[in-house]
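Shown next, in structure tokens, is the structure this report addresses.
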Amino acid sequence: MKVSIIGATGYAGAELVRLLLHHPEVEIEMLTSESFAGKKLSEVYPAIKCNIVCNHLNVEKIKSPLVFTALPHGKSAKIAGNLVDRGIKVVDFSADFRINCARVYSLWYGIPHQREDLLPKAVYGLPEIYRERIKNATLVANPGCYPTSVILALAPLLKNKLIKPEGIVVDSKSGVSGAGRNPTLSTHFPEANENINAYKVTGHRHLPEMEQELSKIAGEKVKVTFVPHLIPVNRGILSTCYAEPLKRLTTEDVLDIYTEFYKKEPFVEILPPGKFPHTKEVLWSNRCRIGINVTNSSKVVIICVIDNLVKGASGQAIQNMNLMCGFDESTGLK
Amino acid sequence: MKVSIIGATGYAGAELVRLLLHHPEVEIEMLTSESFAGKKLSEVYPAIKCNIVCNHLNVEKIKSPLVFTALPHGKSAKIAGNLVDRGIKVVDFSADFRINCARVYSLWYGIPHQREDLLPKAVYGLPEIYRERIKNATLVANPGCYPTSVILALAPLLKNKLIKPEGIVVDSKSGVSGAGRNPTLSTHFPEANENINAYKVTGHRHLPEMEQELSKIAGEKVKVTFVPHLIPVNRGILSTCYAEPLKRLTTEDVLDIYTEFYKKEPFVEILPPGKFPHTKEVLWSNRCRIGINVTNSSKVVIICVIDNLVKGASGQAIQNMNLMCGFDESTGLK
Amino acid sequence: MKVSIIGATGYAGAELVRLLLHHPEVEIEMLTSESFAGKKLSEVYPAIKCNIVCNHLNVEKIKSPLVFTALPHGKSAKIAGNLVDRGIKVVDFSADFRINCARVYSLWYGIPHQREDLLPKAVYGLPEIYRERIKNATLVANPGCYPTSVILALAPLLKNKLIKPEGIVVDSKSGVSGAGRNPTLSTHFPEANENINAYKVTGHRHLPEMEQELSKIAGEKVKVTFVPHLIPVNRGILSTCYAEPLKRLTTEDVLDIYTEFYKKEPFVEILPPGKFPHTKEVLWSNRCRIGINVTNSSKVVIICVIDNLVKGASGQAIQNMNLMCGFDESTGLK
Amino acid sequence: MKVSIIGATGYAGAELVRLLLHHPEVEIEMLTSESFAGKKLSEVYPAIKCNIVCNHLNVEKIKSPLVFTALPHGKSAKIAGNLVDRGIKVVDFSADFRINCARVYSLWYGIPHQREDLLPKAVYGLPEIYRERIKNATLVANPGCYPTSVILALAPLLKNKLIKPEGIVVDSKSGVSGAGRNPTLSTHFPEANENINAYKVTGHRHLPEMEQELSKIAGEKVKVTFVPHLIPVNRGILSTCYAEPLKRLTTEDVLDIYTEFYKKEPFVEILPPGKFPHTKEVLWSNRCRIGINVTNSSKVVIICVIDNLVKGASGQAIQNMNLMCGFDESTGLK
């Protein structure tokens, strides 16, 4: 099957190329990049042995049966929409189709939604939650990196109504590639290195996405306090989640619930009691690892790690593509 | 005034030497080190221009009017005790005199306390809370690095009874020097670098210290869920604290309370609304910087940064010494 | 084909497991580890999904037709020798069979050689130089990481007698994984991080290995000044080599010679004029990338990068195995 | 004495402010910054407690008896020239007055020199070489960071005519702050981190500066092959220099010569045989540390470390100011 990638030279786009080169069922038909049009991908990323030349985007020219759109929010809606209108399957990396409500989208992203009509059609691409819907989807909204780590961390407890839906604390730590490839002062090496800081403390755009999805899982309004932190590593997210149990639970109880909930999942691993995950255990892979502790002061602590560029972006996109196209879900991801 | 340092070649001891070399009122009389006896400090730490030769410890030989004991817990109680018995002022870096109750100490540190008789005499060395008592103390228990960041972050709210004393979440991130100078697998460069992990999730020894001190400030039992994380930087602690307000508060309300609470403090800085501290802003200094946000879902978020080796250890020890000896509190620390 | 790994839990051993899991022609029969006997490899390295339990070494029990020995020098000679005596093919990671002369070995490694009889049988496992001999070898001495980068950098010029065989300068920079997994003070995170240093300046054990192999290529005695440096990254070696041309050469002349010399090599890439390699371009891969400049002051500068754990160790070992067993040379390495 | 800094918000300017705050003889009168005019320096660099507000540059308004100009090359000549014309002493951080010959300057910097008339007046600000001339200078060209490390490394051998003036190899490794504060792709954290690379291999602008000064010291034309490398640390330069002795020399011979040459220098330290410097030993200080080895293959290896922002920029500027103003040379630098 032929696929194309729109916006192939950002970190997520390039990671997608790297992974797709090893996928036995697909072939890359076209890569687009505005910044590096005319260059081979391997000239932009010498670590990736891909000699396809990037083109300027001409959306009408794209004919592949499935397209990945890795564009900034706001730029994606129209382009992905055009493809969907023409019957092309789309996995969209932007936030444009993640938020179900156009008004909430406008509030957080500061722009009107340009294809509100497609929102009912878009499926939130977290296979562990929406596998069946993804199989039949034409338009999949690939989740944000933070929400992926947080939803996987909290879904079993919320689904089973074992924690209070309010007062949940999510303290996330992310590597710098999460900020994208555009150089800024805060990601300039001498600024980011040997430093730890929280950012967007008063409101990060992944918050409404988390709350929307967690609320759907819980069947009631979930409220999260979310603080992301920038950590001087290239890759990896570690989210430490704190919730209040609604009844007496032991660590073992909670581990049993998680093991059951994720028992058929190829990419989610629950650690034994007393063990907690390190980001380096999942780097370059589509794995998610979760460790749990119930404290004496009666909080459930759930710690979840993913690679922000793989399970938090491009690996998950391929997992979604595999489902949409009837391939084995793990193809190209092991 | 002459001072001696017992255990001068660990990271905290060496940082203390570095700082004392610039202190106008004191002179180092003796350094001890079991691992590097016979060597000049500058041979062990070429970055520090100090040619004093380290000796094996012979506690009876130490005559300085004030001694810093930078030994592991369990090893300090007897030695510091011997000095105190002889009328020598002691600033002790270990945990041995931080926990007021010998039974709690035994529970967390796994050994009986060897100088329980001195516990009533020991003053917890956090000047922002115990300044007057420190001035008259003979034995000061220098606080742990994590508790320093957490107590400074939460004291104003607890003192003013503005947050629930239960359900507080403290998510701390620390540089690797906090683990000491002894090489281990988890601090081996290729293991710690490019990695983020939580550790001692089921119980870190700084927890009872935090809860004890926060409870005294609050005047009631305070319960904290504390998860420390290891971050690949050399220095710095960032503690993100989450608490539930007991009444409606805005960010500005809380900032006013903090500004008032710390208005005379030379080393505590409260940031304006919307600003949050970076660890690099306080590295190599005795400063503590605090940023605050009250979220829509009604949590107060307090973010506090210190240098774990300065305000979290050696700088604070000098601050304590200055108080105990009648020097200006900031001497040698600006 | 079944293979076993003796010493599977060091960095090179674990990297070998990681790579072999993707090799379509081989299956791992046995892993040995003294430090982690009884544990699954995935318990020691959670990033590697391998549930084989490590055993204590009992060399007589090993029956695989090919064995990788990843042991420290001195420990390998007898064990690899036992296997070879029994007709088992061996790729040895240690230095024990790299130095052709037992006396030189003793001089640099400080111990007598324990299987001097096997030295004539051992083939130096650099496929770009010894491909045909490796195909027929029973015992392959897998090259050191520094020598791999240096021999590939200098072979075309020496083979063509275009540079002086004396006065060559090799300035190498290596990531910390090159020092192995055993924690030491110099590889302790707070010591190695934010630091650059040269080490073993008065004599590194890879020097006689380099000089031996370069001399064979040149057909005359080659003398190298070699200074290795420790750089705070996990992986990667960059060797900057400086030589004096014997006749007037331009950068283009030299690039032509390298392109010709390596034209059939699957893992060596020569960069165009004005381009120089970054270590990140080869990390996690068996690639070697080389950039060249002839300076105004008439030095040839050759810059070569490899991943020390792949082309500098485990990837090269697989390349050797592929040759020894008649598999396509690149199998499992693309 | 009052001083002003033009271009105070680059890394060198800010480091200069940090150091001057502790200098007992001077007071900062004015800071200028085009990017941050109207802001306090402490808003741009919260780590530096300096509440002076930066102004747009109006050179006529500057009246301080000594001014530091920390501007990019090309921008400095006219401004520094204006100050010098008005009798103000200037320490200029740019390259504009380092190259004695306007033609060579134009060749390397690509622009005509705008104050060629001042070149004879400018003194190269390396106190270890030009102390007496600096004392009487009005215009001091503060040396580049690489040249400082290289000239200090090679001066004793060249001055004593003990090495060949041609064929010298200088392999330098620098932290990323050397590239300045302007974000670029190559200094973007995920690009620079976990990477090692050589850059400007075909010609770095510090080469003519080195060769000019080394030639003056040697009294004959010195030719250097210089390759700088980017290392993922914030600060520090390590230059490894390789030269060919003109007569038989031992390591001890060379160390004696260096010890004698630098015996009165407050900031240059020669290490004993077998010891080599680490960059971390000199970070945040004006120190320079040098280790030496004469190899079997008869090269002299000289390894020199400095902090690129202190001895390689702002510390050296203060050292120059101290000399120009009759203060003790080490004032504010210990």
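Which chain is which? They are A, B, C and D, in the order written, and residues in each are numbered from 1.
Simple rule for what comes next: a contact is a pair of C-beta atoms (placed from the backbone, for glycine too) under 8 Å apart; a residue touches a chain by one contact, two chains touch by 3 or more.
Just so it is clear, the model here is predicted, and its values are computed rather than measured.
Look at the CA centroids: the one farthest from the centroid of subunit C belongs to B. Each of B-C and C-D has its own count of C-beta contacts, and the greater count is at C-D. Work out the mean CA point of subunit C and of subunit D, and you get 38 Å between them. With each centre defined as the average position of its C-alpha atoms, the distance from subunit B to subunit D rounds to 38 Å. A straight line joining the Cα centres of subunit B and subunit C is 46 Å long. Of all residues in subunit D, those that touch two or more other chains are 175, 193-194, 232-235, 277-278, 280, 283. Residues of subunit B touching subunit C in their complex: 11, 175-177, 181, 183-185, 187-190, 192-194, 232-235. Listing the residues of subunit D that touch subunit C in their complex gives 166-167, 169, 171, 173, 175, 191, 193-199, 201-202, 223-225, 227, 229, 231-236, 238, 240, 242, 244, 274, 276-280, 283, 291, 293, 295, 297, 299, 301, 303, 305. The part of subunit A that touches subunit C in the complex is made up of residues 46-47, 194, 277-278, 280-285, 289.
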